[in-house]
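In what comes next, chain A is part of two complexes: it sits with chain B in the first one and with chain C in the second one.
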Partner chain A sequence: MGDTLPTSVDERWQGLRNSLAGLFCASLGHLDDQRTTSPTLTFQPEGSLPNFTYPHQLRHATLPSEHVCTENLTPFLKLLPCKSLSGIAHLLNPHRVFDADWHGLGVHVRYRERVGVEVRLAFQAVFDPVRYSHDGRRDHEPLDVAMKWPDENSFAYREHPIKFVHTDFADIDSFAADTSKVSSLTDISVRRNLKGTSQADAHLTLEVTNNLPVRVKTGYLETMPWHLQFYLHTLCAHVDDSQRGKYQSYLPHTGVSILCPMWLLALGLDEGTPIDAALFHRPDDLVNILSYTPPVPHSRPALLQAVLTLPPHTTLRLTMDVSKPFLRYTEHPPDAQRGWDLPPAVLVPFAFGEEDRPEFDPSPSNEPNSTWVERRVSSYPRRHSRPRRIYTPVMLVDLATPDFSMPYNVIIMSCTLIALIFGSVFNLLTRRFVVVPVDPGAADPEKDAAEEVAHVDGGVCTAKQTL
Partner chain B sequence: MLGSSARADVEPVTEFLGRHGSSHTNNWAVLVCASRYWFNYRHMANALGMYRTVKRLGIPDSNIILMLADDVACNPRNKFPGCVYSSSAKTLDLYGDNIEVDYRGYEVTVENFLRVLTALGRVEPSVPRSKRLLTDDRSNVFIYMTGHGGNEFLKFQDSEEISAFDIADAVAQMWEKKRYNELFFMIDTCQANTMYSKFYSPNVLATGSSVIHENSYSHENDRDIGVAVIDAYTHYVLQFMEGINKTSQATMQDLFDTYDPDKINSHPGVRSDLFPRSLRDALVTDFFGGVAQAEVLTPPEGAQPSHFLFINNASAIEPDGSVLYRYGDTATDLDAIGGLDGHPFLAATADGQKSAIDGNIRAWASTAVVLSLVGWIASRE
Partner chain C sequence: MDGNGDLAFPALVAARLLLAFSPLPDALKYDQQLSSPLTSYSRLREGIYLFQHGIDPYSGGSFRHSPLLLSLFSTVLPLTRYTSPILWTAVDSGAAWALVQIWRLRAGAKRTSRDGQIYALYLLNPYIVLPSLALSTSSMENLLCLLAVMFACRGRASAALLALACLVQLSLPAVLLVAPTTLLAITRPVSRLALARPFDVQGKQTIPLIAEFVGYSALLTFASTFVCGNWRWVEKTWGASLTLPDLTPNPGLWWYFFTEMFDHFRPFFLMVFCVHLLIYIAPVCIKFQHDFLYAVFLLVGVQALFKPYPTLSDPGLFFSMFSIFPEIYPYLRHPIVTALIHLHASLLLPLFNSLWLRQGTGNANFFYASTLVFGMGNGAALLDAIWAGLRVAIGELKEGYEVAQE
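Our next item is the complex of A and B:
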């Protein structure tokens, strides 16, 4: 940002995203007010900050339709001391990593006391060794990453236990049948989808599966551009496909049921203030603290934060009706027919059966792998450390797209109409219509035309005279 | 060092540095691929081929503004992730290991393109330097555009168009703001030559791939990629450029002489009426290369004999190696010392006064004409 020191938070946020855009060749400059939210519950400041309770502001934005490709890796590598020439960065061959089944690139910056600014560059990728092996062999060796640091002989990398699940492929039918008993690889899995064929309404579903034998509390964040508007009163929670009750929330002081975000505005709530936890606080339910900032069409996204309680070994399903608004002609992207990418939902698990630990009493006979589960549970960070976040995949919404040639049709049509109307009115105003008796004995009507007559039609002439 | 000997030293230096006839001190390139979607792979390859060429000939990434409207390299349809090839032989990966795309995806708009060209006060202060065209009146600018176009327009992302008038006006504004010394405009699209027909600013050299009512065609298909990989015109230009290196003495005329309508399948055109130099004197590297030019001024004679070599940012180097920064120097300062030849300035000022008088006369004359016309009409009534 240089010599000019922007004062307001939003100016500095703009400066930050523009600098990041320039640094990493990404379209981050596009993270404007239509994408920026302030989810204070889900994202909490990290690093050595003066005081956590000190009044602070938070900015959060997602750019879901962004590709990550070679040009993002180039400046990333330039930040490394030896680029990709040595060390573990040697693995960052763009042709290999962008061929991976999954890849992610991260830059984390935080301030640490007495250390300074810490920048963590992260690159994650999931490779499929079978696809890479020339002859499709499956008995692959573990990835050999013994390489040299510039100043060390070799670097130590934390070796994860590599597990091979041996399955008998001859017995493929029974294998497929047994997949339901295979323990899930993740503790919490989340799936989000959008159903509905209409171009006006849809149905948003969030499925969170808790694979742990303990109750898990997790923060839930949904930052939704105004391209999808929630009907909060239709929010329903199902646990393992049995409905737990409809969240027909009531405003305590009015007793009016909240039907849609627009009602909240009509009730006199300021647009800027999030609807606070107290309004929706239902202590014994699975959706606890609901905080919602309604969207402002064409300018600000919606922000929905909640605390979900996931009972052990269950699937919590949240459903909600949403409506798709109608966009202005100029608001559509160049590839409008492809649809809009919606930012991912974020889950932040923060409590693992802590308050109901007595309930969790697995006997060895019931839970053969309880110690393993205990270990996994205890491996989760508790406090004073970086929370783990789970992001859902990006979702695509199909909004009503106009026929983009329509404006030209309209322009052409209206121009034609205006020309016709103007022409006739102009003619009516500037011409004088008189009846001219035509003498049948006159030799040539063309001779008369030399004076004034423009057109002869059935004995009546239209005389033209300029005003 | 005495003044006379200094002057004697200057002569060969001036001769050495000034032999090209071009007075630019830095080179910039704006490379635009205006097409979105996978089937326009070839347009991305066109722009990336030019990117590779200008980078190979010495223009650094900081002086190249690359605009790519889509990402074909990491497109799921690309069988070769992270690679863009411009030939079916697939010997040369254009996306490679070291590429910086400044504007990409939805950022490639007519508005952004015009803001990049005209810039200075037209972009937000926080926009990074890599997204700005920081040229001056000693910059040679190369603008390359490719995409789908028609008579006097070029489509951006299938959703908007830039017209030949827009580009001509933007270039005129660049000239007024002293943002280029010479400008080379190259465009590969259907009816491309119409796009440069509206230029009216000085020092502009332009070339295009096809005449009006004529299509530009792709050069070759690749079966693995599944679409055409490069356009014919750009292919043959790049083929010529592959034989050029940083010290090459090939001229623009040599480049234009290689145009073969039979091979390109269209009739490329050149517009040089705005370009003051002969095409035989204009080197290809004047626009495609990052050749740094130094300007030599005669040393000031008098009390402080020193050897001034003004390089781009007006830093003066003394013979003993110390560097004098003379940012504040004006013509009058130097004139007072007695070294700088004031005649060109005086001539320019006199010229300016003359033109001012001319302007006055013209204004009075036109007023008189208008008044007499009004009077004549009034007398008729």
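Our next item is the complex of A and C:
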């Protein structure tokens, strides 16, 4: 960003996203103020930081939809000695990898003490082997290629998780045959959807399922552009389809809202029994809203940060009424009927179980996959590792559209109506009322008209009462 | 007949209360014709919720109610499933009572045979009942408006101006009513449409009253600022009436015009629309200086027609106020046409709104067209009222004569 560093955080944030946009040929430059928020709970600074309680600011923005470009991979290939011509980099063929069912690109930068600035570039893709095989075979051997650079002295990088995962769908038939015995694939699964047929209001639902036998506390971050506005007072929590009533929330006052996540961070987010008492209004409440920033149309997105408590083996369902705003006709994008993509919600599980909790028995039990569960519970990140984040899929909201061909017609018709009424009122208020004699017996229209003029002329003179 | 009037009021209030506790209000909660962004109950609840949790509701863009309502409902009167319907029924009943008081003062009688009819015309007017069932705060604006007029009719200028100042806090376009209400407070409300002789009003008499109004307004403004702790509410509540930031459809003329407006013309047309509202005050007050109650009535009509965020209850108030001017009925210009346009529009409005936003089989132009028809109906009613108010002075005509304008 040059020698003259911009001073404010927002200027530097703008510079960062513009440089990233240029570097990766992606529309990251669109992450403007309408999409940028400063969540405090979900994203913790990583790497070697001088002092955690030091005042810091954080910027977060999500671009929910992006068209791929073969140039997206260029910054990766440029760093490789032989570009994509040889070696495992051969696999970084843009036409091939962007054809995958799912792919992800990642750039992680962090500062590590006595090491320097570490840049981690990651590319992941999920391929469907059935789609690629010519004869529709499903019995492929799973191909799992993890690559490490040959010699860490030769390159200035330490970690290189460029990983191609070849998923295995071979046992899909057994899945379909007996689903009751199959344990869920993930510890925590989350679904978010928007219900309602109206283009003026809708119903937002978030379903979080905890498949673990322990209670899980998870941070919940919702960054919503102003294209969907929450009615927070309608937020309801249901556990396994039984309503818990209107939840109690603890929303700290403005000054405290900055501090609260600090306490969380300073005390460590896991196993925080003392934090419970300090933060949560009622410990048995499942939803605790930590902070909420209402959206400002045309400028600022809404930011909702909450802590959800998921009892073991349950589904927590949050429902909330939302309203959809109406935009000016110039604010709609091309192909406005497609709707607007909304960024994903982020869940960060940070506390698993409680030591004094009787229902959590760490010893092997009749649970069929208890060791597996245990392993997964224990493998969850603890204090100093990076918490895992779960993103929901993006959502599409269809906003009501005006007729884009109508501006002139609308201006003309509305102005005509107003002018008509104004003119008539003006006419009634300014001209005097007079009584004129009319001849009801007149038959000849020409004569009648002529007479009427005469009568009107005379009428003014003979007016009995005027106002 | 007296017995009828006495019985009618409790019966109507009971029926109204029954309706309020029926499942109907839930279905009407988000209806855009019944509550605008400035009067919506859901937004009010949201604002109170945020306020009670220490978030400034005016820092966002959806809460646009007055801080007075915010402080009232977050402290004294909590809004719950049971208190809200009762409160809104009480507000409607109070407004109907005020309307009957105005009629009695105008007729100069303690009790008349038309009392029951007037109660019914207010409490059974669908334009008033439906927004009130949807718990739109426009019902409170109607109450304050009628209370201000009632106190002005009684000659209690201070009470009238206080009610009016509260009304202006809730809805800025109500400044239209300041001049005629002040003048009404220093004259009498009796019908002088047929006499058409101006009151002997000294201009000086109004100056202390206007100063009093300004004083009340300043007091309420500072109270609001005290509640919020900052001045941001001014931009969110009054500013919304001037800059139209929320383009949610309503039965008025502004929303689609400014949805479709070119960005570089927007400030100009906003200015034109705002000034256009103010243009009517002086001519109406001058022309009807013999009957300021009638001037108030006409300006209520103008406001209902050209307000930035009208709901159905604004024209509803105008139509219910027709009931206190029975002397103009024989002279309405085109009552049948006006009634038919209104019937047409009131059927089209919900239908086309639903076609556009729920069924998806219509587009925005459908609803826009029905708001134009509705505007035409309101305009026709306003013109009818002005015509009749002036025509009534000429009285019955002999055969072979007609009234024309110079």
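For this structure, a couple of remarks:
In this text, the second predicted complex is superposed on the first by the 319 of 467 C-alpha atoms of A that agree within 3 Å, B and C clash if a C-alpha of one lies under 4 Å from a C-alpha of the other, contacts with A are read in each partner's own complex, and residues count from 1 in each chain.
FYI, a residue touches a chain if its C-beta (ideal position, glycine included) is under 8 Å from a C-beta of that chain, and two chains touch if they have at least 3 such contacts.
None of these values were measured; they are calculated from a predicted model.
Legend: residue contacts after superposition of the two complexes on their common chain; A:418 is shown touching chain C, with no touch to chain B.
Within the superposed three-chain model, A:426 lies in touch with chain C and out of touch with chain B [touch as defined at top].
Touch criterion met: A:297 reaches chain C, while chain B stays clear of it.
In the overlay built on the shared chain, the residue A:193 is in contact with neither chain B nor chain C.
In the superposition on chain A, A:48 makes contact with neither chain B nor chain C.
Touch criterion not met for A:57: it reaches neither chain B nor chain C. Ranked by how many residues of chain A each touches, chain B and chain C are led by C. In the superposed model, A:124 lies in contact with neither chain B nor chain C. On chain A, the surface touched by chain B in one complex and the surface touched by chain C in the other have no residue in common.
The residues of chain A lying in touch with chain C in their complex are 197-201, 226, 229, 231-234, 249, 251-254, 289, 292-298, 302, 321, 323, 325-330, 400-403, 406-407, 410-411, 413-414, 417-418, 420-422, 424-440, 456, 459-460, 464-467. Put simply, chain C touches chain A in their complex at residues 30, 32, 42, 45-46, 48-50, 53-57, 59-63, 196, 245-249, 253, 255-263, 276, 279-280, 283-284, 287, 305-306, 356-358, 360, 363-365, 368, 372, 375-376, 379, 382-383, 386-387, 390-391, 393-395, 397, 399-406. Put simply, chain A touches chain B in their complex at residues 1, 4, 6, 11, 14-15, 18-19, 21-23, 25, 27, 29-30, 65-71, 74-75, 84, 93-95, 97-99, 333-335, 404.
Here chain B touches chain A in the complex through residues 36-37, 69, 71, 73-74, 80-83, 93, 95-102, 104-107, 124-131, 156-160, going by the rule given at the top.
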